[in-house]
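By written order: A, B, C and D. Residues from 1 in each chain.
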Amino acid sequence: MKKFVNDPNDVVAEALLGIAAAHPELRVDHANKIIYRGDAPRPGKVGIISGGGSGHEPMHGGFVGPGMLDAACAGEMFTSPVPDQMLEATKHVDSGAGVLHVVKNYTGDVMNFDMAAELAASETGVNVRSVITNDDVAVEDSTWTAGRRGVGVTVLLEKIAGAAAEQGRSLAEVADIADSVNANGRSMGVALTSCTVPAAGKPTFDLGEDEMELGVGIHGEPGRRRVPLAPAKEIAALLVEPIVADLPFARGDRVLAFVNGLGGTPLIELYLMYNEVARIVIGHGIEIGRSLVGSYITSLDMAGTSVTLLKVTDELLALWDAPVRTAALRWGV
Amino acid sequence: MKKFVNDPNDVVAEALLGIAAAHPELRVDHANKIIYRGDAPRPGKVGIISGGGSGHEPMHGGFVGPGMLDAACAGEMFTSPVPDQMLEATKHVDSGAGVLHVVKNYTGDVMNFDMAAELAASETGVNVRSVITNDDVAVEDSTWTAGRRGVGVTVLLEKIAGAAAEQGRSLAEVADIADSVNANGRSMGVALTSCTVPAAGKPTFDLGEDEMELGVGIHGEPGRRRVPLAPAKEIAALLVEPIVADLPFARGDRVLAFVNGLGGTPLIELYLMYNEVARIVIGHGIEIGRSLVGSYITSLDMAGTSVTLLKVTDELLALWDAPVRTAALRWGV
Amino acid sequence: MPDSISCEVLQRWIRAFARLVADNEEYLTRLDASIGDADHGTNMNRGMTAVVAALDSAENVASPAALFKQVGMTLVSTVGGASGPLFGTLFLRMGTACGDVEVLDAGGFARALRAALEGVVARGKAETGDKTMYDALAPAVDALEAALDAGGSLAAAVRAAHAAGVSGRDATTAMLARKGRASYLGERSVGHQDPGATSVALLLQAAAGVIPARSDSSSGSASGQP
Amino acid sequence: MPDSISCEVLQRWIRAFARLVADNEEYLTRLDASIGDADHGTNMNRGMTAVVAALDSAENVASPAALFKQVGMTLVSTVGGASGPLFGTLFLRMGTACGDVEVLDAGGFARALRAALEGVVARGKAETGDKTMYDALAPAVDALEAALDAGGSLAAAVRAAHAAGVSGRDATTAMLARKGRASYLGERSVGHQDPGATSVALLLQAAAGVIPARSDSSSGSASGQP
């Protein structure tokens, strides 16, 4: 395992020390592994918290700040945080306007956030609403299974809901906007290599030199299908076509197109992929209103990419464009 | 080779198409492989151009925009651009106030920029000054060799000189500030894996599972020494101590600390490294005034990191804090 | 006092389980790597290490209910992921089901395990054949109850539960996952043993070790104990 | 017209060099991977491909000077890196040194190569033993001049130059690099052949191929030509 780590079990705690040192505008509760916006709680503002397993940086800690999240709870590597963390964060960021929980649809995340919400309801008077992201078209959606994974849309949702909260909208409004983002977004990913979980010390799965794993999530879970390595053009089609077909996105729609790196893929390849993705999207008669290219929701050191398309209205675009000041996304301020 | 590419020889051109598509605020001259700030030339403002081999993204194209570069010339992979590109960019961004060339100290870069400056002098009336970055302490500095490589300081210099130019300072002033940034910055890098140049198709060097390459540059050139893989703490010391000793940085100095990823290393490891780096720096009685953590000057898909320390004055800090709006660095606007 | 379990034996059970989890951490993680995210062993071991630390530092544990509650709370607060709420709820519900007794008799133990199973279902909505920890726990609880109903001793019933749990665990290999992370794999989940069911089998193995045939609570020696 | 080189022969030289570079692209890049950045073959091949394309599309090339200038400009504009300015300058200086002749005689050819060497030094400041293309080119120019001074034929002199260049190239292996990217390696650069010197040896090999013993410019066949 070739990583910059000390004891593999201390990675999360030590990375949090680094985040705290590098970003004095944040406040990090190391005991509870929570990253707070320095000025939380903001009077009158709906609080937004998220959280999840670590290993997806900059998500979620890199999205804490004005215009986005009030707090992020860091779980162990690829392991959802525990209810105590979300409860603590919920109490801390509530200013009376209520708190939105942004939860990615994984069994562990959903159960731990559920327990936190139950505790918040019984122990505190905080008004909590949850929004669950489940945008990964690689997974069959069925009420008989764990359902689709929450992936790239989570980033876009946290930005857009964060802007709505910053504008002083009510918890119900912010939650509805968040739900509509999730409803209008779809993603799909591909891995060229496995990731290596530090505590495991070796790659989670093995891939041949000429293979790639199509439909991967962000935890090194194997994907739906192993297929031969292909040129970027073809990979883009393998990712975009199922996304377009799923919503479905239609001629005349306007979208935010997001090409994301999974951690080990450099920016030059992401821009090359964006070119192919944009070509296909535009070829469908879909207009690209905004774009985002970079590694924002990662899977440790996995080489790979995911594509997210979000159908946008003028309102969603305005919220996307609204000022944001976090470690990972920053504009307008 | 596991990469998102089509024809390996088209990587640079296709990535530029992606950059152009993703950043409508930029103007890309695809024939000459130049990325321009959309509103260049800015009347009365000193123009700043840079450039170098591709494979270091976001450098330099990701630094084009208000408060930083006016243009970036993209060379072939790891190959400095040709004089025609720098000449074209120089002519285009000059508004009469002159143009600063930011050149990393590599034989090829220096010679090509030199030829461009000679051509600019003979063919146009543009007043050109060049600043050469050579901050890599891994390389012995001697007038008998090619001298030290330009690495991490280049990023900081482009930001700071860009801010000075944006404030309307003269070419001489901007160049002097740039020189002082280079004089006060030092860097050193380490690789855990080689990079793979797409046209070569295989890793440039082989590293055993328990080895790392200390003192690497950003082109897959082997480093100065191959050493056993070590915990992050020890790696941080191997990078920081030679930097501190070289300038030398002294008790009471204030620095900007920059922990950079080389392309294949995820953010969580960079933050963990930042924690170790900061600890050592502070242990020397050096104050960290500002920090930057992320992958800004990369070496394709190389897993590795570099550390840069820049001794700052109040003036340099103010220029660092000044507004910047580029694809990769954005704040204050 | 035949066929009853003291707080001390329950503690030995928990500690024996913790030891088995530690010994099998890598194995559990490897199972999870095949159809999940390669952390189940790490998760369970982090949780059970915290549980043992809490037991070590607690003055004395008043009752089975208090003990199980402490174990459950510790797991919920330290494990995370799917197994944190699931194994946490398992113990929390056992605690509630124990009621206000100082020693658990065979019927009480069976009721506690049944409540544990119901808690897991309440949390995770798993059904038979979904390829989860449920598929090891459900047959074990059934077997325990059946053995006691047939007049068997607690020790024999726990052995039967363990055997049924192992069979249930083994049966998960052939199943197509419909819950948890493995469900993302669809057909590709077939042929791999479920990590959570494997942990349940270890829990039952620990129980069989500490509740020996002669149910003298102080002479029993847990399997894997030094 | 013994011992003289027409524009057509010069073109054949350039084309033969381009072919050798193409055939050795991977080899040159591999040499560069050991002590540089793994692009020398790619760089030279990109440049020489562009040169050949320019020759193909040019109506007719008026003079040796014009030909060399075109080659040099094309290399400067398409290669980049260290070899772009260096090989570009090499040809540009040859062009300037040729003067206004239609055919190059032996002395003119020798003067052109001497000027090329001086151009490389002016650009790159390399000295003997720095482990660069200079270490192949300098002995070759010396050998060419010596052979002509001793009354040898142009063909024999070019062969001598090629032999000296090959020796010079081989000698780079033992050198410690003091210029270019390889200098970053210090001691570790020893034991590897310099890629730029290898390209120079190919340039000389191409010359030896197109300037055959019987210097009938139209019957010569360049090595490597179909």
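Some observations on this one:
By our rule, contacts are C-beta pairs under 8 Å (C-beta built on N, C-alpha and C of every residue); 3 or more make two chains touch, one makes a residue touch a chain.
What you are looking at is a predicted structure, and each value in this text was computed from that prediction instead of being measured.
The centroid of the Cα atoms in subunit B and the matching centroid in subunit D are 33 Å apart.
With each centre defined as the average position of its C-alpha atoms, the distance from subunit A to subunit B rounds to 29 Å.
Averaging C-alpha coordinates per chain places the centre of subunit A 55 Å away from that of subunit D. Contact of a single residue of subunit D with at least two other chains is seen at no position.
None of the residues of subunit B touches two or more other chains.
Taken as a contact graph, with one node per protein chain and an edge wherever two chains touch, the assembly forms an open path, each chain linked only to its neighbours along a line. Chains touching one another, given as pairs, are A-B, A-C, B-D.
Those residues of subunit A that touch subunit C in the shared complex are 53, 75-84, 106-108, 111-112, 114-115, 138-140, 144-146, 149, 197, 199-200, 204-205, 217, 219-222, 224.
Of all the residues in subunit D, the ones that touch subunit B in their complex are 29, 33-39, 42-43, 46, 76-86, 123-124, 178-181, 183-186, 188.
Interface residues of subunit B, counted against subunit A in their complex, comprise 2-6, 11, 14-19, 21-22, 54-55, 57-58, 62, 192-193, 209, 212, 229, 231-233, 235, 263-275, 278, 288, 291, 293, 295, 298, 300-301, 303, 305, 325, 330-333.
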